[in-house]
Structures are given as C-alpha cells and as structure tokens.
Amino acid sequence: ADTVKIGYVSPQTGPLAPFGEADKWVIEQMKTAFKDGIVIGGKKHVVQIVLKDSQSNPNRAGDVANDLILKDKVALILTAGTPETANPVSDACELNEVPCISSVVPWQPWFFGRKGHPATGFNWTYHMFWGLEDVITSFTNGWMAVATNKKVGALFPNDGDGNAWGDKELGFPKPLSGMGFSLTDTGRFQNGTQDFSAQIAAFKKDGVEIVTGVVIPPDAKTFLTQARQQGFKPKVITLGKALLFPGAIEALGDLGDGLSTEVWWSPSHPFTSSITRQSAKDLSEAYETTTKKQWTQPIGFTHALFEVACDALKRSKSLKPGDVRDAVASAKLGTVVGDVAWGGKGPFKNVSKTPLVLGQWGKGKKYKYELTIVNNVSAPRIPLGGTLRLL
Amino acid sequence: MNPSYKVVRSIQGGQALLAVGLALVGLAVSLPWWGESSWMREFVEIACYFIFAMMWNLMAGYGGMVSIGQQAFFGLGGYAMLVLGNFLGINPFVAVLLGALAAGLIAIPVSRIAFRLQGGYFAIGTWVIAEVFRLTIANIPAVGGGSGTSLTALRGIEKATRESVTYWMALACVVASIGLVYFFLRSKQGLALLAIRDNEVAARSQGVAVGRMKLAVYAVAAFGAGLAGGLYFVGNLRISPDAAFSVNWTAFAIFMVVIGGIGRIEGPLVGALVFWALNKFFSDYGTWYLIGLGLLAIVMTIYFKQGLWGYAQQRWGWTLFPTARRLVLNTTLATGLTPVQPAGPSIDGMPSATVNSGDPFQDGPNPSSRYAQ
Amino acid sequence: METLLQGLLLGGLYGLFALGLSLMFGVMRLTNTAHGDFIILGSFSTLALVGAGLSPVMAMLVTLPLAWIVGYALQRYVLNGTLGKDPLPSLVVTFGLSIVTQNLLLELFSADPRSIETNGLNALGWSITPDLSVGVLPMIILALAIATTAGLQWLFNHTALGRSFRAVSDDREIAELMGLNARKVYAMATALAFVLVALAGALQGMRTTVAPSDGPLLLLFAFEAVIIGGMGSFWGTLAGALLLGVTQQVGFRFDPGWGIWGGHLMFLAVLVLRPQGLFPKTRG
Amino acid sequence: MPLLALHSVSKSYGALKVTDSISLSVQKGETLGILGPNGAGKTTLFNLISGDASVNAGRVEYNGEDVTALPPHLRCRRGMGRSYQVPQPFGNMSVFENLVTAACFGGGQTERAAWDTAVQVLDQTGLMPQANKPAGSLTLLNRKRLELARALATGPQLLLLDEIAGGLTEHEAHELVEELQRIKASGVTMIWIEHVVHALLSVADRLFVINFGQKLAEGKPHDVMNDPEVQRVYMGMEV
Amino acid sequence: MAALLQTHHLKAYYGDAQALFGIDFELNAGELVAIIGANGAGKSTFLKCLTGLVKAKAEAITWKGQPIGGMPPGKIVRQGLAMVPEGRRLFASLSVEENLLMGANAQRQGPWSLDRLYRLFPILNEKRHLPGTSLSGGQQQMVAIGRALMSNPEVLLCDELSLGLAPIVIREIYNAMPSITAEGMAVVIVEQDVSVARQVSQRLYCFQEGQVSLQGLSTDLSKEQISHAYFGV
C-alpha cells in the first residue's frame, strides 16, 4: 500500500525537554489510532510518523526539518514546543514549500519572530495557540485579585519568547502600565545564566512583590534558590514556561508551593478528541495510567496537532504539497484543545487561537503538587478550581 | 655564464587531470537540470564546510595560526548578508559576496588583538573574540537578538531559481577557493608563506615582511569564512547567533583538515569527502557519530600526523596541486643534476623558462624525490 | 557594594575553574581546550553518585580520587604524545576530547540541565545586614578557592613535587638528566589539575545547573582569568578570576545581556593594554 | 662614509651584558673579521646589526641611515645579507626554492629573475646537485653552504657570515676562501665571524676581537694576531 | 678488566641529519679524559648520547659491560652518569638550593651532599635562596657542576665548562677538579681551549665532523698534531 509520512519535531532533550516529554506516548497512541491507515484522495495509505529531536537547539531544529523534507519526504510536518523549535521548523517548511502545523508558542513570537508580514502572512505554515494578549489578561487579572503593591519584576530572557513578552509594543510593558502596574525589567539575559543576583538586587531595590517572566526551567530554579539565598521574598511568582511542569515544581522542593503559571490545557478543559473521542480528562488519565507520571499540558496539544493533521490529510485531494496545504488551510475542527480554524484577518490567516487561563501549584492529593485553575477571565468556558493564594 | 635550465612546476599527467577536473566541474554545473533538489542542498552544505576548512587550512597549515575562532567570520558573513539583504534590499546573492568582504575587513582590526597571543593562547583568544561577536549580535534586537531571525529577502524568489542559483554560487565559490589558494601558493607570496611556516626568524632575515603576510592570510581566511557563512545562511533562510557563531564550524573544519592532511591543498578536499561520506552514513547515530569523529581526530593526530593525503603523498608521491618548483638543467650529461625527464605538460600553462648557456656542473646523486609541501 | 560582593563570590568559582588550567599551562605549556568539558564531567560524575544515593560530600570524596586517576592516565597515554613546539597536535587532541566528552555526557545524561541536590544548602542565606544577604554555598566556594590557591602555591614553592613541576617546565631535557621522568611529572600535574577540575565541577553543579554543553563557556572564563591574572602565579590567576567575576557582575547590573560580554571585553582590553597580564610572575 | 657604523651599542639578556658599548665601522668593500672566545657576544653583535635582536642602547647606521629601529626584513631589503651560525633553512622547501625566496624578497626581484639568480648562486656555491632536495634533509655542511648561498641570493651589499668555515676539510676551506675572495672582488662588503683563523686571515682586511661583549683589539690582522692579550684570551696558549 | 664506559661505533642523528659517524671511545674509572674539536664537531652530541638525551643503539654504549644506549636519561643517571650541560641551563624558576636538590633526584648514595658542596663553593651558600639565573656566569657554572655532583655519579660529563667564563673563573673551577676526582670519580670534559684541555686531562680525543680524528695521552700529542686534527690544516 502507499505510505504517507508525517514528520514531528519537538525538543526531546535539552533545557526544554519537558515540552517534548509526552510526545512519544501520544505518537504511540496515534499509531494505534492509525493502524488501519487513512484514505487520502480515494486511496488507502499506511501512516508513518517520523519523530525528530531538536535538542532544544534552533539550528538543530532547522536541520532535522530539512532532513524530514528532503530525505524522508514527509507530506506534512508538525512541530511544537517554544519558538526555539517551532520557528526554525516552520521556516524550513516555508522555504521548501511543505505544509507545517505548529503549536505551543504564543502566536506573536511565532509570527513576528519569523518576520511575518500581516498583509501577506505565510503560504505553507499554520499555527494554533493563544497569544500574549491572553496571557497578559490572565496574569494581571489573577494579580489584581490579591493584595500587592502592584510592583512587578520581570525575567525576560534573550530568546524568542522573552523578546516577545518583553517587547515594548507587543508584550507586557504597555498593558501593564495601562493597568497601574509598575514594571522592573532589567533587560534580556542569556538562557542558562548562572547568576541572577543583579536581577534580585534590582527587584529588592524597587520593592517588587510580583515576579513574572518566561524562563526555561533550569533558570527558574537558579533564580528561585538565589532569591532565597539573598533574602528576596515576593508575594506572587507567576512564570511562564518554567513552571508548566510538575517535574520542575518538584525539583524546587519547598520553593515550589504556591507558584503560578499559565494553563493552556488541563483535564478540566471541556473538550473531546476528534480521533479517539476521549475527553480531556480521559486523555490525561490514559497518560497517567500508562506512564505512571503526572499529566502535563503539552499532551493535549500534541494530540490536537495529530487531530488536525489527520483531518487535513483525509480531506486532501492528493499527497501533492499544494493539495495538503489547501486541506490544512480549510480546517474546521473541534479538538481536545478547543476549536481550530484558520482564515481570519492579518496574522490570523495562519493563526488559530485556543483558550488560556491561570493556574497555581499547591500540595496535592494524588501527586506532590497539583495545578489548580485560579482565574478564567479570558476563557470563561474553562471551570475555576480555586482562587490565587499569596506566597 | 648561467647553465641553461628549466623550472618545472607541473606534474605528469597534469593535463589529463585538468581535463578530468574540468569535466567534473562541467558535470556539476549541469546538475540542476538532472539532479534532485536534495542533492543540491547537500552540496551547498558540504561546500560551505569545505570552503571554511580550506581557509582554516590556509591559515593554520600554511600560516601557522591555529585558530578556534574562525566561526566569528562565518557568523559575521552570514549576518552581514542578512542585514544587506533584509534591510538594504540588496540581492541576497550579491549580499553574500559583500558580507564576505565585510568579514575580511573586520578581520584587520581584530588581528591587532588576536596577534597579541601565540600558539595555544591564540587559539582560545580567537574563540573569545568569536564569543564577543556572538553576544554582541545576540543583544541587537534589530537582527532578532538571541532568538535569531529569518531572511525575508529571499521570500520573493521562486524555489527552483533560488535553489539552483545558490547551488551554482556554492560551486563557483568552491572552485574559486581552490583556485585562489592554489595560485596564491604558487606565487611569490606563497613562497614567503611557506618560508614563514618553516622558519619565521630566517624568513624575516631574507626580506619577508612576516607581519604583513600573516595579516593578509588572516584577512583572506576571514573573507573565505564569511563567504561560507553567507552561502550557508542563504541556503537556510534562518539565522541565529548560536548557529552562526557555533564553535562546531571550526571543529568540523579542523576535523576535515586533520583527516585529509594539514598544510596541503588536497587535505581539505579529501577531508571534506570523508566528512561527507561519514556524515551521510553515520550522522543518524547522533551523539555516537560525533564521539566517533572526535576519537578519529585524536587518533589521526597522534598516530597519523600527515593525514590521508599526506600519507598518499609520502607513499606514492601523489600530488594534485603542484606548487613546488623543480629545477631541471638543459643538459643530458650522464652525470647531470636531474635527468631531463619528459616533464609532464604544464598543468595550467605556467611558463617553463629556458635560458641558454651550457656549463657542465658538478657530479652528484640524483635527487628526484618529491617531498611534502 | 552588593555587586562587588556578588562579583567576588562569582569570581571565587571562576578561580576554581582557572587554577587547573593555570597549572597545566604552567607545567606543560599545554592549552587544554577540553578543560571546561572536564569540569562538567566532574559535575556529572558527582551528580550521578548523588543520584545513586551518596551524600554530596561522600560523592565528592569518591569523585576526586577518580579524577586523579583519569587525569594521570589521560596525560600519560594520550596527551604526552602531543606535547612539543607545535601547538597544533595538543589543540586538536584536546578539542577532540572536548567533543567526545560533551557527546558522551549528552548520551548518558541527555541535554537536560541538572543540579546536584545539597539538601537545602544551596538555598541557605546569610544576612549580613537587613538588605544584604549572601548565599552560604557561594561563601564556601570562595573560601575553598582561596584555600586551594594557597595550597597550590605552597605545593609549588615548597615541596619536592612542586620543584619537579617547575623544573620540567623550565627545561624538560635537563630535568630528565636529573633523573626525573618528565612524562610522569606531567601526568602528576594533570592528575592534580583534574582533582581541581572535579572539585570545581562538583561545586558548580551545587551552585547552579549544569548541562553537557556548558563546558566551552567555562573554559573561556577560566582562560580569561589566567590571562588577566598573568602567567606564572596562582594568586594572579585567582585575582584575575575575581576581577572577571566583578566585571561580569557589574555588567549584569548594567544589563543582564551584556554581563558576560563585558567580561570578555575586559579580557580583550587587558590583552591590548597589558599583554603580560595584570599580575605577572614576580619571583626572586 | 662607512657602509656600516655601530655607535656604542649595548645588549643585555637579563643581568648578563652580552654586548657592552661596542663601536665599530666598516667601509664599503672592506672585509672585517671578528674573533673572540665562545660566548663573547659575536653572534649577538650580528643579531644587533641584522635587526634580529634590538639594542638596549646605542645606534646602528647603515649607508648613512639610522636603522636602529628598522625591522630585519627591511634591513635585508636595504642590502644586508646574513648567514646564521646555527643554520636556519626553510626545511620543507627545496634548496632552489630557498634561494628563490631570498632573491624574491631580499633581492626584490620578480620570480622570473629570481630563478636566474638562484641558478647562478647554486652554481657558484656548488649546491647544484642538491637543488631539488628539501633543505631539511641536507647534511650540516651543505646547510652551512645553503646559509651562504641564501645570503648571496639576496644580492647583498653587506654580507654577514657567522662561522661558515667550521668543519670544512682543508680542500673545502680553500675553495671557500677563493669563493669569498671572488665575492669580495665584486665589491661586496663582508663581516665574517670565524674560529678557523687561517681561513679568516686569508680574506680579512681588518680584525676585530671581542671578549665579554667588549672590544679587546682591533687592527691589521697581523698586528692583532700577535697581540699577546689576544693570544692569551683567544688562542688560549701562553706565549 | 673492561672499561667503565665504552662506545662502539656510535652513530647519532638529528632527524635526517647525521651528527656522529661511528665513535669508538672508552673511559676507565678514575680517569680524566678531554674531548676537543671545532664547533659542530659533535662533542655535545656525543655526551648527549651517553646520557640518553639523544637516542643511540643499545649496544653502541656499554656501561660496565651492560648496554645502555637509548635508555631514558632518568635511568642512566641512576646508573651513575651525570652531566654538566653546555650553557649551564639552570632551572630559571628554582633557587640555587632547589637547583642543587634537583640533582639529588637520582637518589644515589655517596659523599656529595649540600653541606659538602657549600664547603667546596662557599659562595653558593651565601646565595642559596636566590634564583639560579641571577648569579654570574661563573657562579652558575658552579651550580651546574654541583647539581651534577649531587647525584653522586661515578662518571661526571662536563660540556664546555669554560664557555663564556673569565679566565680567572675557569682556573677556579678547574682547581676544584682534583677534589672532585679524588674519590675515584671519572671525568670527561669537553673543552674548546686546547691548552687547558691538555693540562688537566690524562687522555685526549679530538673530534672532527662526527668522527674521532685523533686520540692519545695528553702528554704525547704535539701541538702540531692537535692543530692539524682540530682545524684540518
């Protein structure tokens, strides 16, 4: 029978490895789901999924994407997990004229980080995730619910996310000052920085009570331990990226309790898979049963990427890149992370948005730390689990 | 007064070799019409490695300057190309050349710092310099800072055109870099460079401007590295400081040169072929592949210093790019210096001089051994 | 004030990085481009032992003698063959070792950054004044750096081993004539350097996170400290390291993105203005 | 005007004063012989003249120009040719190429002209049979010959020769002397350091004796050799 | 009885260049032998072969009948051969006393100790803590000799002892010779100064171009023979 190959690129190793941790499991699940093949253009095709590791390294991500396109000759590439992987993969697809669906990057760093032009957009690359506007709304709403001096200290590194979050126009600074928060941003630092005393000193000096940012997990640990060493105790710590994962929280020991972060997917999200018909809760429980590990947020999105891919391939006239691309572009699908459809105005020609809420880590029953949703202003469909506590 | 003589600078079968070479180039030029686009991409990539290695060889193998910081110029070439293309709207392919030029020019002030150090210190010092460039670029938001940016200048150009132009350009650069190094080494300046490598003190006392020569070689090597960089990123569309200024570029160059044989033009050529083959068959082994490369470089350096081509040259006297000057006297006396061999036709039509006169000269053994350059 | 203090604490760690490099430079004129990777190797071996259930101190006690053996064997069987007037062989070989070490660690431990569990020691702070508090672990590191420097300097100046280090470094041929086996002396020097490297690595792993690809940056810091300090004296190396730490810290204050850049720039400035280093050897 | 004039030049290595305020001048066409015990500072004096070492004090004038601060390669291009006591060949290049290099850069010739010069010098110095051998493979004697040949190939006005006769057989020494006499007759000025005294005496117009970096004696060869101090210090024989 | 130290057709090379072309030499216990010869004749190379610094065939050099050619220098010095190298070559970063102690590395028993050396060269005692290289040439030469003696050798090889030294210093050093050889130590000196060589030695070898051109009892050889062998005239 004919074969259709789907490429998948994510960080399996390196500082961003937690983003790719669940991929192997999801892919196994997909192999079962696709074991009978899918019909494309009237012909049955065996599905083969090729997984490549970007090692959290943008250069490597581009290289493996090129390999997938030129050597493996995949029909479609899926990619997820921070701009460091998704952007170069998307660029390689755009360059080589192969369709690509990406996720787990706020859409601004994905679109503007790749120098996308809102008027023309991209021809081959499509993206599904939330945007900075959502994360700003969720974070600030959460902070306004507790008593603080509204002094915020920011940790924005010199990478795709950090540059977007900290951007004067697109990022945090403008809306924050609009809402009466003052922002201490000491500047972009290198990922893997071993010493945060400069930032800590600046935060202490400005009397910062809220710390936010988007840092990689090891840097969060370095920052938090050094803050403790140097006697800096903010009331709220809401970090993107670093605090998404239970493993990272556990590694922090006692420092982990009460930290908050953005939540893009959880078992309580009210959506179901178009392939397996599992609800979000079923999906996470299935993961926990097989792997004996606590659920993580990327599970939903990895799963959803395959949902969109499967749907598009089924609707595609042939395996010609142009046909597959057209099928992707015309997707209208309810997935386990919400509804996916492209074709809005400006950047939204290539971007489909999914909902976002705020969560907080606390001592759990089943696991050492569990995530509770504490603010849902920007996505009221997602049920609340509690309210934000101070540290 | 002078015995009549001839200076032979070619090898036997040179013309045949030249013909084979030209045929290969011709074949390569036509590749876009019959080959697959993945082949072109592969060639461009290996061409970048090769040009980079060739320049590293010129600098370390001939000039005695062992640098681990050549990625500075690779990255600068790439970024200069990007800035010229993205912001100034210059055709990216033209921008590649201009970027290389920029890298070469920047090398001149940089050399003032780097030349303060010698030997191993020079090596690591140049690495620090490369890091300074990396961090500087990473802190400039206009070029995307640490996350890098995409080359938008190429977006308007059709895929097939882009691919073949990039490919031809890489091919031209490969041929040009071989030609450049070859003719440079054959020239009077090449003689000076060899003299410096052998004995700096004596070279100075024979009137060779050692400092200027080293600077020239450093700048030319930077130009070549910049060229490789520009070319690489034109083929890749996306550039980031970590990729552009990665020490791996130099690591692979060192590997190729050491495997092929340092201080000979054939070295990087053979090294690049070996590297390409290893890469093709083993790169899927990922880290194990890299571990293997590292071990191979170590073993070669300790047990097999002259490299593959050096071995062939010693063993069988092979040379593809003759740069030596062999003196042949125009007499057929049995006791003569060198039997007037039917010296192979000159590979490139370099003049073989003949001066009249006819002194007999002293007896002597027959030194016909070729030797390493 | 706080910047200065934090800079000195950071410099203490760099000092530990640099001492081993300085030792190998000094005795063998060997530029070890794999130095940083060996530091990381030290971190990971301690880390693996802690992972296997040993306490951090026990793990270090196991790692240090192991490092001695590895260093000795490496010099004896690999690096000795590369010494000589031409710097190329030793550079290529150590560079090869760097790649091998990095990828081996990558294979064994993956690219994830990790840190060594110290049972909360790394979060302990010590408040000097109400607004000024420093980490206990960094203080310990600085103290160790100073102690190690003093120890090395003493070893070099006042023991038979130190005498043979200096002798082979001055004139290998004559030293052999005096009955020294230069290859063994070199091996001892590298072994000692490796102990320092392993110590530095373990402490680095406790203070912050380490990943297999961190090595080169550490090599550059160590190298800069050695050159800034000026060749030939360990106190100079430590001073260079402290200066580098303070400069970086000042740079971080100015803008976190430019801190390390500032350190590099200071190094280059020293190179241009005072190529012999700030505290060159003052003997006799 | 003398071709070369040293004005109280001094040089120390650490605490060791190797050249101690030496003044000397050499006229065009003259051959000056330099004698002195081992380690007296003869080679060092050459280094100061050729620019391989820089003076701590004093001045070097060449052709009326102050060349004290001039780097060696420019001094060479102004007409100073030098041979080294410890031969310094370009070991991986052939003898012929060694000479071509010297003629090209020291002599400022085009490559084509340099070939002519090289062939002529090869012929003149009897190195023709070795022309295509790598210089590194030569025997010591031939290396020393190459030193002379290379210095000649730069087309020197002033030739600095450091112990080129050591180890020659009687016959060879005789040939060398004849060769040097020919060079001298062609108008080249020479300074020659030599321990093989009888060879030196048959070419030198004047002798200059150094001991401990200082001038011990200077003058007509015959007078200098009969100087009791020179006999004692240099020949080491009690008179 | 076989000689203490013998060479049989010893050849030596520096890379491709041959420096010694078959040297036959012998030395008996308690003897003082001088080697003379022009620059580059191979005298230093010969001594380096004896001490293992230049490689030689094993059988080419025998020590008490045992082949020692090509042994590492460290082993040879433990057998009892010590060398005072040409140009002194003190360790620049070691003090006078440390330089002397380096000699004791061979750990051979015998009469020589720091104390005894300081008695022989009292000036060194005064300067024991100064860096070796800050001494005058003559004093450095004393350190170099002392360093060799500290290994309590049976044979002392001295290369160009008087090189660069004032005549008065040379005399001082040669005056110390008898007290050095008194206990039966054999000595080989390489000396440019023919008259000194003849005065102090019992036997003489003259080297020319890597070969022995003349040998015999110092008192038997005439000035003419020597200058013929030396200069080739």
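Observations on the model:
Here the chain labels run A, B, C, D and E in written order, and each chain numbers its own residues starting at 1.
By our rule, a contact is a pair of C-beta atoms (placed from the backbone, for glycine too) under 8 Å apart; a residue touches a chain by one contact, two chains touch by 3 or more.
Here is each chain with its UniProt name: B, C = Branched-chain amino acid ABC transporter permease; D, E = ABC transporter ATP-binding protein.
Since this is a predicted model, take the numbers as computed values, not measurements.
Common neighbours of subunit B and subunit E under the contact rule above are C, D. With steps allowed only between chains in touch, the distance from subunit A over to subunit E comes to 2. Of the two chain pairs examined here, A-C and C-E, it is A-C that is joined by more C-beta pairs in contact. Most remote chain with respect to subunit D, judged by CA-atom centres, is A. Note on chain placement: the centre of subunit C and the centre of subunit E lie 43 Å apart, centres being C-alpha means. Computed centre separation for the pair subunit B/subunit D is 39 angstrom, with centres defined by C-alpha atoms. Mean C-alpha positions place subunit B and subunit C at a centre distance of 35 Å. Computed from the mean C-alpha positions, the centre of subunit D lies at a distance of 31 Å from the centre of subunit E. Counting only residues that touch two or more partner chains, subunit B has 135, 138-139, 146. Those residues of subunit A in touch with two or more other chains are numbered 158, 188, 190.
Residues of subunit E in contact with at least two other chains: 134. By the definition given earlier, chain contacts exist for A-B, A-C, B-C, B-D, C-E, D-E.
Per the touch definition, subunit C reaches subunit E in the complex via residues 160, 163-164, 166-167, 169-171, 173-181, 283-284.
Taken together, the subunit E residues at the contact with subunit C in this complex read 51-53, 72-74, 77-78, 82-83, 85, 89, 91-94, 98, 101-103, 105-107, 130-131, 134, 147, 151. Looking at the complex, you find that subunit A touches subunit B at residues 57-59, 62, 66, 70-71, 83-84, 87-88, 91-92, 94-97, 109, 113-115, 117, 157-160, 162-163, 188, 190-191. Here subunit A touches subunit C in the complex through residues 13-15, 17, 55-56, 158, 186-190, 192-195, 197-199, 201-202, 204, 217-219, 221-222, 225-226, 228-231, 253, 255, going by the rule given at the top.
Chain contact summary for the complex, subunit B toward subunit C: residues 60, 66, 68, 112-113, 116-117, 119-121, 123-125, 127-129, 131-132, 135-136, 138-139, 146, 247, 251, 254, 258, 262, 287-288, 290-291, 293-295, 297-298, 301-302, 305.
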